[in-house]
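Please find the structures below.
Two complexes follow with chain A in common, the first pairing it with chain B and the second with chain C.
So, the complex of A and B:
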């Protein structure tokens, strides 16, 4: 999945996260900002990387501003931002890369 | 609580409530918002607001009795989503210094702070990548920041004089849009028009010098309210972060007989810069030449008459622009 434009998903509200995905040339770069970075920073990065990996996103600059989101929220926000960043037609392959 | 985003003018009642809320938070409507977000409670009364002007989120306020409910997070989220939808990804945020911690936890990083204002940006390394992209020169270094819309013989006179007063001169071309000529065109005019001046180096100002984020009044151009112009963010960002990094010790500007806003800016530089060890030098302008006059002539289709006011290179570039030729009969 090639990121062709900058897109955002999510909010800065409590228990949510805002995910921004921008095109990049070389590899994945994830920037995380979270009040609970010491407790859950590693896990958030894992969830984001796994999700991007499953979507086949290899080159992107990803910014996550976390406000205490659960794993499922992080996954959903990353997926949504990625879909917007590839100008997806909306026909989601449920059960495929999105599961 | 609900949030609505408006790109059209507010109703009279909304506007009144909005101004009252801003006033209660010691803020002022700067009148350049492209979008306004209003948060209302279940009774429909206004509890929070925020605006997007160009790339800058500002006029963020939540009424005191509604604090602690996460209203600011919702307002900021909706403004960011709108900004992205409009293709504006690099965002600045202007607020009171007291709010630094709140917005730091919402993905914004401080750029510069004055006594009553704080400018933040949504990139951790935004300012650093700008300043790192500019080469360092040695000796006495000076700086000129100019819009050059378009680049005239007056600008050339200023830059040539400034370059003669230092070992190396940084010329920053204003990158913000909102002028007659696009930033890339103005940059080319300045580069070509100063190519023969030794030790003069031209760069884009990015959005860190004279932009709608650092100095909105310059783009609002409300000359009547020039006494209210605030340019401290712009001047302090230059004095505290840009000048020290590039070893700049002199800032040059042309004398400003026409625009009260620019004149107020020059006056403020004169007051502030010396306390940072930077000399401010105002240079008398060439009589009879002004970019404003050139723009008027172009607008009237009198392109031939601008020839004596602009360098040959500027003239060529203007002729090449679509729609700049004489009006068709």
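So, the complex of A and C:
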């Protein structure tokens, strides 16, 4: 999956996270800002990386501003931002790459 | 075979905006009977995609602890509803609410899409139920055929906001403008043996008005009410929980009818009231509701 434009998903409200995905040339770069980074930073990065891997995103700059999001919200926001960044506008592969 | 969840207890259905993770992460703590995960009006047009991803993962990963998970899809006049159905069924929802239902064909159209999605995502056929929201004069007039439209349909709900616009009236808070629709819908629902739900009460500063309205719709026979705030839940549940005197009377009616039937007696009195077989089902419903509400201690 090739990121063709910058896209954002999510908000800065409590229990949410804002994910920004931008095109990049070489590999994945994930930047995380979270008030609970010491307790949950590793887990948030794992969830984001696994989600991007499942989507087949190999080159992108990803910024996550976390406001206490659950794993399911992190996945949902990363997927939404990625799909917007590739201008996906059709049937979603629920249970496949989205799971 | 009828889905065993078709006639479950649904006193309260709480609307939750799928666009807001903070709302859908733990609503079970308020103990509503059902939650209504909304992809329609509450979600901004440009956030429809985001709401679906949130919905899918919430359904897959959050344990709602037995609370029924109903998903309100976008209207059949949009290009959104088919993907909403796929998302909801794939995620594992219990039911789908069709907004702005005008006729029986609307229900059958969605039913067909649900059946396709059940096959696609390998869910048992018939596992996803349907409820239909009636939001227009035409929808209310067609209540009977809508109630009869599908084995999956467990109930109909009045949606007061759009209905009042269609009737070119404003909502007074007295309920007078909804009297005809409410009476018509409850009669149709009972005739078809499905459930019937009332519209939301939006003025959270007037909880006394809310209580009065719940008492009215309870006495009319509605099975429950759509709600928008957790503060409304205990009021509805209190009103819908059978009182001790009603439970005791229902027990006497059931036992007396069974005894007298064996003796060949058709009409008799219980606590001074004339009773016959016509009272049996109502008494059984009172006991069932008392059991479901957790207040029945008897042996029936």
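What we mean here is this: the second predicted complex is superposed on the first by the 99 of 99 C-alpha atoms of A that agree within 3 Å, B and C clash if a C-alpha of one lies under 4 Å from a C-alpha of the other, contacts with A are read in each partner's own complex, and residues count from 1 in each chain.
Methods note: contacts are C-beta pairs under 8 Å (C-beta built on N, C-alpha and C of every residue); 3 or more make two chains touch, one makes a residue touch a chain.
Source: prediction; values computed, not measured.
Overlay on chain A: chain B and chain C fit together in the combined arrangement. Of the two partner chains placed around the shared chain by superposition, chain C is the only one that A:72 touches, whereas chain B remains out of contact. Panel annotation: after superposition on the shared chain A, the angle at the CA centre of chain A between chain B and chain C (CA centres) reads 110 degrees, nearest 10. Contacts of A:37 after superposition: neither chain B nor chain C is touched. After overlaying the two complexes on the shared chain, residue contacts for A:92 are found with chain C alone; chain B is out of touch.
Of the two partner chains, neither chain B nor chain C is touched by A:4. Touch criterion met: A:83 reaches chain C, while chain B stays clear of it. Contacts of A:13 after superposition on the shared chain: both chain B and chain C are touched. Ranked by how many residues of chain A each touches, chain B and chain C are led by C. Between chain B and chain C the least C-alpha distance in the superposed model amounts to 9 Å. Common to the chain B and chain C interfaces on chain A are residues 10, 13-14. Interface residues of chain A, counted against chain C in their complex, comprise 9-10, 13-16, 69-73, 75-77, 79-80, 83-84, 91-92, 94-95, 98-99. Chain C makes touch with chain A in their complex at residues 20-22, 25, 49-50, 52-54, 56-58, 60-62, 83, 86-87, 90-91, 121. By the touch criterion stated above, chain B contacts chain A in their complex at residues 70, 73-74, 76-78, 80-81, 84, 89, 105-107, 122, 124. In the complex of the two chains, the chain A residues touching chain B come out as 6-8, 10-14, 18, 20, 22, 31, 33, 35, 63, 65, 67.
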